[in-house]
Amino acid sequence: MDVRLRHNEKIIAFSVEPAGDGRFSATFGDRRVDVAFERISEHQLRLSVDGCQTLAFVAETPEGKAVMVDGRTFLLADERAAGTRSRPGAANGPKAVTPPMPAVVTQILVATGQAVEKGQGLLVVSAMKMDTILTAPFAGVVTRINVAEGQKVAPGQVLVDLDPPAADPPAADRAAEPAADAASIDQGGR
Amino acid sequence: MFKKILIANRGEIAVRIMRTCQEMGIATVAVYSEADRHALHTLSADEAMPIGPAEPSQSYLNMDRIIEAVKQTGAEAVHPGYGFLAENADFAERCEREGIVFIGPPARVIRELGDKITARRIMHKGGVPIIPGMLEAADDPAAWAAGAEQTGFPLLIKASAGGGGKGMRIVQRPADLTAACRAASREAAAAFGRGTIYLEKFLPKSRHVEIQIVADSRGHIIHLLERECSIQRRHQKIIEETPSTALTPALRAAMGQAAVAAARTAGYVNAGTVEFILDPEGRFYFLEVNTRLQVEHPITEMITGLDLVRRQIEIAAGRPLSLTQEEVRGRGHAIECRIYAEDPERNFMPSPGRIAFLREPAGPGVRNDCGVYTGFEVPVEYDPILSKLVVHAETRDLAIRRMTRALKSYAVLGVRTPIDFLLDVLASAPFQAGETHTDFIATHLAEWVPDREALELAALAHAADAMAPKARPAGRIAAEAHPGPWHTLKHWRL
Amino acid sequence: MFKKILIANRGEIAVRIMRTCQEMGIATVAVYSEADRHALHTLSADEAMPIGPAEPSQSYLNMDRIIEAVKQTGAEAVHPGYGFLAENADFAERCEREGIVFIGPPARVIRELGDKITARRIMHKGGVPIIPGMLEAADDPAAWAAGAEQTGFPLLIKASAGGGGKGMRIVQRPADLTAACRAASREAAAAFGRGTIYLEKFLPKSRHVEIQIVADSRGHIIHLLERECSIQRRHQKIIEETPSTALTPALRAAMGQAAVAAARTAGYVNAGTVEFILDPEGRFYFLEVNTRLQVEHPITEMITGLDLVRRQIEIAAGRPLSLTQEEVRGRGHAIECRIYAEDPERNFMPSPGRIAFLREPAGPGVRNDCGVYTGFEVPVEYDPILSKLVVHAETRDLAIRRMTRALKSYAVLGVRTPIDFLLDVLASAPFQAGETHTDFIATHLAEWVPDREALELAALAHAADAMAPKARPAGRIAAEAHPGPWHTLKHWRL
Amino acid sequence: MDVRLRHNEKIIAFSVEPAGDGRFSATFGDRRVDVAFERISEHQLRLSVDGCQTLAFVAETPEGKAVMVDGRTFLLADERAAGTRSRPGAANGPKAVTPPMPAVVTQILVATGQAVEKGQGLLVVSAMKMDTILTAPFAGVVTRINVAEGQKVAPGQVLVDLDPPAADPPAADRAAEPAADAASIDQGGR
């Protein structure tokens, strides 16, 4: 069984061969490890990897499964379940105006109909006392502002619709994209 | 002593203050915004009063609402914690006027020490060494040029109303001065409503060493040794320790005396912290006074065996400080790691969200001042601090090992924390050698990435979790149904 | 230093020992019986070896299985904890023979101090005050009569192989002597396979005060102050504290010196505890030496700032004890409450079962050495200790308040614990006055019943639980779906 | 709504009047209290009783609901759900030979067919290093020993069947009783 997990932009690919009775072996490239495992509670597993015992703590989150081993926590999304599509924005570069973390809109710097330069500040969001300016990913015209000051916003949510000059191709599926992203990642993470 | 105290704060510090109040037999009142209806501090008090929407200006910074909550609950005193209204002279003044005890220094002291240039002048007059530079704030290029001439390069521009690194700029060459001053002044004006700035000598390779002081209302002032807080990211401390590896007993005594002199000069009452910059030659310079309980106060509590919050409350109640300088003795070594909801892989960007699972570290010499719990939704509106993990051990080496063990057993799932990053700081050779300077992270860990080996182990755990049945593990004794009738002649213990 | 240690124990003490090992960079091996496959100590080690069925004689007391586990894992040393094989001279001897380091005193010392009458003779010879009474064990009525004549009434019959109160009897009048001796002898024979008994003067209204000692293999012996353990039920300690309210500095020094003399006389190496009976006139008498880590060692760690387990390991590794008597200083006051799975309403009868929910106390100066977790099935086969809750504060009064707060926030659901009973002990006037004697519970709390007011509050909570929906509470921010693409020019921190 | 909860042999009876929106009032005799409540998590509730806030921790156990308030834990069984029948053995006095807590049988002191006196030791059970002798609740003849040494036993389980002299009535339903007890309490406790 091939497993493909994504941690940020990195893919961890390995194969798993169940051996029954709470055991499996896993192969990373040419390295093979034998694993015994047992669930201790909903969020806790005991692993024994090549004879050495480790506790792992796990929890489902909207972004994937959070896994802690030895003080190190990783957010791992199952790529199979999410389809083979990689995370938008990672390979393709940023295209939509969306906050990097759950945040509150504190300032809107542009108006509908306004032409903006690539890199121009469009709005300011604030999370946990840190302000972040969201900028235009390409030159264009603001066609719609989807939020108001004081509003809570989340990653994936498109805050400003931007129309590129007619010649520019990446604008085509702008509005539809975030919804599709959310759906595909949901499948992977839950 | 007070019968009831309102804690005008949230999160871990509110919880920590309530614990001392409970131990003193003082009833506690929590205030909470709409985002904090289920916050740990809200749940931990004897009474909880809603004070408005999530937005801080409408709740935790809203003096009217807080004063109203004090009156409604009959609290006699307010503990402001740190942040929010803790260093707000207007709030302290308002309390004074309304007959409410503000647990902190007098409003006048807060106001004077809150203005950086005023504080510099007070300290200079009191004989406390200050960083060479201007003693007057200015907003015109001529004054800046004169100040720069006198100060020398490299120099640091600071906003006189400043804080949090805003308006701060390093200038290396005279040619860059005017432009940098103008930019800093604009930034200060935007942030604080006042664009006045001043110039100080820039001290590279320095350490941040602060002295905890305690003063009662009768003029008895002592210090409770130092804390070194050089490990910072984005001008915010992430690891603090005491004692500092840079202090000799003589230097410690000198800095302690300077801090006490600073407090005396300022007319200080209650607990406070005098921050210094320590240069590589062992010269120290006054930086500022934090007129409140410091975030990192627990490490001082660990090595001195004292409860600072209790001392604050007693002093605010007019009691004398029954502790002499000679009685204050540090024992062992303490380290604090701040556990923020932030992502060390993405430049420490905030990471609010729901705590899907929390497992706190435990064991001898481990203290975790925590403000969250499994299932709590960490709000986007406030400081990202989730908890402060503190350890105490016989020596620095043992404290590092204890902190390492504690961090490794600390699971915070659902929001990103820098626990793995902190482990790598502790494991680094310069940290272990005590070479802790304010540029530590930029110098040693700028290229940090998470451990690859652990990532593979986590991937195995991911696979195991998918394969392990979710049901209760087998092999345990089934609990039987009910206590029945029984007869007993006699028990004995083997 | 050792690379790997096997911990031949279970529960909280095994977990606690592992923590120090981990901090010392020593790999740990747990052993576990079938009942402990999911025990916290099993989960906390780097390796875990099964050693047999639940029945102690077939697992934790089975030397062959444990020695086998040591060899199989390549551990260099064994830490026996307390109980099980900790004071078994045969096991220590076996380890010595097999080239395994036993972390404790030499087998000869364990054997000699394990026999109560031998220990009495050693101490008497070494000039340590012993309770007036016989120096030879006996099993015939003539010797008992002669011994009683010499000792006087009331007197206490003890089994020479004794422990745990078995074979112990108080005799008030000469007429009752022979019958009581016969009964005690029978009981001792049944329990220990040896019916020899001896007589000691009975000291009513006494206190149990013990001295922690540490000795290295080079003859350097110091003491780490006292612990008072007078609050007992059924001859088992439930609350311990240090310092003792009964000790003056002079008495403390005298008892410390006596304990060091006792250790020197016995040829003691490693950590141990010399137990004394203290009478109301301040006279103290040797009771016994516990040749192992004591259950209540954490309170000594709290006031001295030392890690006793680390010292044990270092001494066992042949290192000198780098600590002088003058360096040992107690600071503040520490109290331990033992949290047993037992029912204070039914004469402290054991209460095994599944921990349906556990919430541990936290905060400054609070330490909970815990061996269980939510979902763990507490086995019927072993000691009922679940955890030891320990607090440290500046004074005894503050420590009592801190312990009270901690107990009130400690939820152990699914098995009965005496937390409520302990709260009432702490709140009682005689405890607060420091009038702690071994008859404390019989005298002051014999008629104890649970608090009625809390019962009504619990009934309201029961009703509320039935009415409150089980779903996740509303009103929290819904977490959004995924991290999307984004652009950032710049961050700043307000 | 009348509530009857049992804590050991004590009955706590009160009436509850729901007031909607997470509130109710409760009446104990002639005392009335107003309660606001809210679930914080599966095992945690926030209560506000006459304005004073308390946390309560709850968990279902086989014997009833364990409830902790202010450091004091009570095992409360709902009497309505359990039927109006009180716990056997409480009012009726001890009748069956059953252990007071989960335990292990360490010694059997009698044999099948043996006549025993009231109060005579029948077997020894051990739990957590404490030994307990179970004695005969009445004089009679041992008709059956249901356990072996080393066996794990639980409260309610009848370890020894005892036949009283023919004239003695309480013997009638001996064998059937424990099973019935278990069932009725199960309903109450879960």
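Brief remarks follow.
We just call them A, B, C and D in the order they show up, numbering each chain from 1.
Please note the rule applied: contacts are C-beta pairs under 8 Å (C-beta built on N, C-alpha and C of every residue); 3 or more make two chains touch, one makes a residue touch a chain.
Every value quoted in this text rests on a predicted model; they were computed, and no experiment measured them.
Note on interfaces B-D and A-B: more C-beta pairs are in contact across A-B. Measuring from the averaged C-alpha position of chain A to that of chain C gives a distance of 50 Å.
For the pair chain B and chain C, the distance between C-alpha centroids works out to 37 Å.
Separation between the centroids of chain A and chain B, computed from CA atoms only, is 31 Å.
Across the assembly, chain B contributes 38, 349, 353-354, 375, 380, 473, 477, 479, 491-494 as residues in contact with two or more other chains. Annotation for chain A: residues touching 2 or more other chains are 40, 61-62, 100-102, 126, 129-130, 132, 152. Viewed as a contact network, the protein chains fit none of the simple shapes, being neither a path, a ring, a star nor fully connected.
This structure has the following touching chain pairs: A-B, A-C, B-C, B-D, C-D. Residues of chain C touching chain D in their complex: 55, 341-342, 345-346, 349-354, 356-357, 359, 380-384, 407-414, 416-417, 419-420, 423, 450-451, 454-465, 467-470, 473.
Of all residues in chain B, those touching chain D in their complex are 38, 43, 45-48, 373-375, 477, 479-494. Within the complex, the chain D residues that touch chain B are 40-41, 46, 51-53, 55, 61-63, 87-90, 92-102, 119, 121, 126, 129-137, 152, 154-157, 178, 181-182, 185-186, 189. Partner chain B is touched in their complex by these residues of chain C: 16, 19-20, 22-25, 34-35, 37-38, 164-166, 191, 234-236, 298, 301, 305-307, 310, 331-332, 347, 349, 353-354, 360, 362-370, 375, 377, 379-380, 392-394, 398, 401-402, 404-405, 472-473, 475-477, 479, 491-494. Residues 3, 5, 7-8, 10, 12, 14, 16, 18, 22, 24, 26, 28, 33, 35, 37-40, 42-43, 45, 47, 49, 54, 56-62, 65-76, 78, 100-104, 126-130, 132, 150, 152 of chain D touch chain C in their complex.
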